[in-house]
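Alright, structures below, take your time with them.
Shared between the two complexes below is chain A, which pairs with chain B and chain C, respectively.
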Partner chain A sequence: MKEMKIAKNEVASFLDTLIREYKVFAPVKRDSSVVFQEIHSGSEALLDYTNSKKPPKELFSPQTERLFSYDLSQEGLGIEEPPLAEKQRIIFGIRPCDARGLVLLDNVFSGGVYKDVYYIDKRKKTLVIALGCNRPSSTCFCTSLGGGPFSQEGSDLLLIDIGQEYVVQVITDKGEELIKKRNEFKEAEEQSLSSMRKVTDTAEASIKSKVEVGKVKEKLDGMFDDPFWDLVHEKCLGCAVCTYLCPTCHCFDIVDEVIDQRGERIRTWDSCAFPIFTLEASGVNPRPSAKERVRQRIMHKFKYFVDNYGVAACVGCGRCIKECPVNLDIRAVLDSILNR
Partner chain B sequence: MKNPYLPLAMRADKIVIETEDNNIKTFSLTFLNKEDETGFNYLPGQFAQLSILGKGEAPFGIASSPTQSGGLEFTVNKAGVVTTALHNLEEGGIIGIRGPLGNCFPLEAFEGKNIVIIGGGFAFTTLRSLINYILYEKNRSRFGKVIVIYGARSPGLLLYKNELEEWEGRPDLGLYLTVDKADEGWQGKVGVVPNIIKEVNPSPENTYAVACGPPIMIKFTLPVLRDLGFLPERILLSLEMRMKCGVGMCGRCNIGNKYVCKDGPIFTLAQLSELPSEY
Partner chain C sequence: MNEGELMPDTSTMIRDTAKKLLDEKKVNLIIGFEKGTLPLRSTPCFIRSSEEAEKLIWNASCENNLARYLRKRQEKIGIVAKGCDVRSIVGLIKERQLAREQVFIIGIPCNGMIDRKKIDAKLDGREILEAEERDETLILKGHNFTETINKEEFLHNSCQTCKYRNPVIYDVLIGDKVAENEGIDEYEEVRQFEAQSADERWQSFTDEVSKCIRCYACRNACPLCCCQECFVDNSQPQWIGKTTNLSDTLIFHIVRALHTAGRCVDCGACDRACPMGVDIRKLTKKIQMDIKQLFHYEAGISVDDVPPLATFNPDDPQEFIK
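Right, the complex of A and B next:
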């Protein structure tokens, strides 16, 4: 399908029609930050924003999620499976880096022999409408990771802001199906396309951070025992904000919670930055200090994930740089690795 | 699509205290639903996640052999929350199970080969599964000579004492039991496992070695095997790491780019030498 366009002042009413059929998530302002949440009116969606503080991965891999519930007073295990998503869903306004993050998560949750039914259900039932980044932040380095401010990977439709209207790139059949009968969408003529090219060129050129990530993996292949790790972790507090806010970090814990006779087995985000993450009941901990834990995070993202799936587990969104309380900049870490 | 997080219900028909310190118990479990039993096809070396609902879940090697009919057996050392809950369970109690998980011993590669099985302490569980699998009438001729070297701190800490006695009487298995500290009436050897391996001096010719035990035993066993001439490709180890999901998603049991839960728990020494020593 050719590139389409939609006038900005028609987006809210387009979303209103979607809300009737779908559960629609969009960025909204809450307190001082931007979050993705369900909207009930098209006008709630925030169209002018940089990125959400938490990545929208939580719409697929929630911070806490019930795996099943049970009744201890019953015979047997008394397990009840949670209901799967009842409605088709749309994420509107996700940034291309975060949409790409979902593709990386797919490797973990649906790419192997075992299938994570909860994640897969949400993925299958969700259509992704991304919003290109006209003004990348100084912490953005998506282009170093194979993405870009207008990367299409992981999205069904991509909107690009050219002033009074959005150019709409139709990426998948699912995306085409959604807009083809809607008269808010018109074919984009050359004038809009040329404005789009100007916008995308300017945005791409504005990303000054570059890391040669391809070469990082080669270096890391032989760096497990390198003295580099003795120093790089020193300022890390082990707060785990970098992993919680990462659109590709997927580690979780599983715990039981019981009130009276009713219990739930839930999973919660967990982090390789925490000492008890790998602590065994025997007292043995294969990653006893921050050194091993920082090494694990870097190795997992830029070597192990590449070994297993052929791609680094990072989209260059820069959240871990922005939110790190001690300014441990992953770009600087990668640069130092390249200079070893 | 099968939900990998849902446990199946099993009943603990028999719970036996294995060791003199009362810290290790063997659970004989039967599936509540017959269909679950037919769907649970496992081989020696694999593990399962056992649940006590309300307390949590932990991984355990399967101690029974698929050649025995009926349910499954697990031998559990009391160490943390879940193992304590298991130990507090009474016969007839219900346990959740997910599995079988992980890989198994390379049984096809073992065919026609001699096997030296080396165990220490309560890590003997999946080795016992392997031994019973090999000794099973219909399987025995597929494998060569079997030597078992098994040690514990004291005679009272050895597992599966009835079976050990039975194996002792078999002409087709060489059993060497050893303890760090003997008591009155101890007939076996005294000394740590690596020293007993030296003494037994098994030939590496056409032979695989399988070792499970505490890290310290493994550390001193590997050089002994190497000096005897065992190649890293012919030495198998079963590893343990803290696990949650058991299916390669929760991210904590990796050693380098391998997950112990789904790529292991059985690795050859050759495979492990390619991985960082972070375990």
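Right, the complex of A and C next:
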């Protein structure tokens, strides 16, 4: 399908029509930060923002998710599974880095080995409409990770802001299906396309933050016992800001919450930064200090994930850089690794 | 002047002191600040040689409480410490988490640290690409804008009400003492909160806590959160659920705050570390006020006094016993 376009002032009404059929999530402002939330009116969607505080991964892998409930009554064990998503969903306004993050998560939750029904159900029922980044932030380094401010990977449609209108890149059949009968969308003529190229070239050129991530894996292959790890963790607080705000970190814990005979099995986000993440029942902890835990985070993202899936588990969104309470900048860590 | 180096004198004096301490082998390690990777962001650093000491800086973005890094170390440590860091060190010494002899305090009189969240709110989405610090102002530059702001207005809340800008103990003091905040009611916000109805307080408290993502940055940034095993991590018995349901996050914040009663020095480290903007001081400041009113006690002022909750006195208030 050719590139389409939609006038900016028609986006809200387009979203309104979607809301009738779909559960629509979009960036909205809550307090001082931007979050992805279900919207009930197209005008709620925030179109001009840098990125959300939390990545939209939680729409697929929620921080707290009930897997099933059980009830041990006198008649026996009753198990109740949570209902699957009843409605088709749309995420509108996701950034291309986060859309790419979903593709990376697919490796884990719907890859060859494990099929996570909860995740897969939400993924299958969700259409992704991304919004390109005209003004990437100084902490964005998506282009170092194989993405870009207008990367199409993981999106069904990609909107590119060219002033009064958006050029709409139609990436999948699902995306095409969604807009083909809607008259807000018109074919983009050469003038719009040339504006688009100007916008994308400028934005791509504005990303100054670069890391040679391709070479990091090679270095890490021989670095497990390197003294580098003895010092790089020193200022790390061991909190989960970087992992919880990461669009690709996906580790979780499973706990039972029980009251008398009734209980729920719950999955919650967990973090390799926490000591109890690897604390074994015997009391042994194979990652006893921050050194091993920081090494794990770097190794998992830039070596193990590459070993397993052929791609690094980072999209260069920069959230961990912006939000780290002690400014432990992952770009600086990667640069130091390259200089070893 | 290099970006991020507003008070070159202080930075130079810190470097010289650090070099001397390391060269004379009075300490094996200096914990201080170096230039960070973002504007308005200094970052903790660990210095072991006088060459490395060149990295040390001081400015209004040295916001982390470095006392947090002192525990469980073997070496003799020199620490660059502002007023609140020193009060935390006093707490650690008092609680036998640190020996006074193990630490050489390079005390820094502090004019308060910049709150980037307040600046971000003012800039409303515009990104700071460059910042220059002057005595009383900050010059912020980004895409097509330059703004000059008054530092005083953008300090962290805990700095705006701080009454101990000058270190209460030190081995060397860098520069001259600064004027303390006079005539400020540090508990004004607590009183306003208390004046609300129970429903309003509940609403505003749950609004705050519902932002929490249980990342524990607050706990981990806190120099006094040093339980061998935090109650949230204990699994036998499991005291608290792992979810972000309101009941679990509430318990986490209330219990953590109560654990700091009579110990919290209001350094604001928890607040600064929180990525979600939870107003953690809402609880800790209230508890601090109660301790002051009930026991006339302020934490982190003297190494020798006995914390009120670690002792008893026949005159202790007991109106709560019915």
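Please note the rule applied: the second predicted complex is superposed on the first by the 334 of 340 C-alpha atoms of A that agree within 3 Å, B and C clash if a C-alpha of one lies under 4 Å from a C-alpha of the other, contacts with A are read in each partner's own complex, and residues count from 1 in each chain.
In the analysis below, a residue touches a chain if its C-beta (ideal position, glycine included) is under 8 Å from a C-beta of that chain, and two chains touch if they have at least 3 such contacts.
Please read all numbers here as calculations on a predicted model, not as lab measurements.
In the three-chain model built by superposing on chain A, chain B and chain C fit together without any clash. Of the two partner chains placed around the shared chain by superposition, chain B is the only one that A:I79 touches, whereas chain C remains out of contact. Contacts of A:R265 after superposition: chain B is touched, whereas chain C is not reached.
Contact with chain B, but none with chain C, is seen for A:C251 once the two complexes are overlaid on the shared chain. Once chain A of one complex is fitted onto chain A of the other, the partner contacts of A:Q88 are absent, as it touches neither chain B nor chain C. After superposition on chain A, the vertex angle at the CA centre of chain A, spanning the CA centres of chain B and chain C, is 90 degrees to the nearest 10. With both structures placed on the common chain, the touch criterion links A:V117 to chain B but leaves chain C unconnected.
Residue contacts after overlaying the shared chain place A:E280 against chain B, while chain C stays out of touching range.
After overlaying the two complexes on the shared chain, residue contacts for A:T50 are found with chain C alone; chain B is out of touch.
Of the two partner chains, neither chain B nor chain C is touched by A:T172.
Look at A:N107: by the touch rule set out above, it reaches neither chain B nor chain C. No C-alpha atom of chain B lies closer than 6 Å to one of chain C in the superposed arrangement. The interface of chain A with chain B overlaps its interface with chain C at residues 253, 255. Contacts from chain C toward chain A in the complex involve residues 36-38, 41-46, 64, 68-69, 117, 120-121, 125, 127, 129, 143, 211, 213-217, 219-221, 233, 235, 238, 241-245, 272-273, 275-277. The residues of chain B lying in touch with chain A in their complex are 1-7, 9, 32, 51, 53-58, 79-81, 83, 94, 96, 215, 240-242, 244-245, 247-257, 262, 276, 278-279.
Residues 31-33, 48-50, 53-54, 63-64, 135, 137-139, 231, 234-235, 237-241, 244-245, 253, 255, 257, 266, 268, 271, 274-276, 321-323, 325-329, 331-332 of chain A are the ones that touch chain C when the two sit in their complex.
Touching chain B in their complex are the following residues of chain A: 67-68, 70, 72, 76-79, 81, 108-109, 112-117, 120, 224-225, 250-256, 258, 263, 265, 267, 270, 272, 277-282, 284, 286-287, 292, 296, 299-300, 303-304, 307-308.
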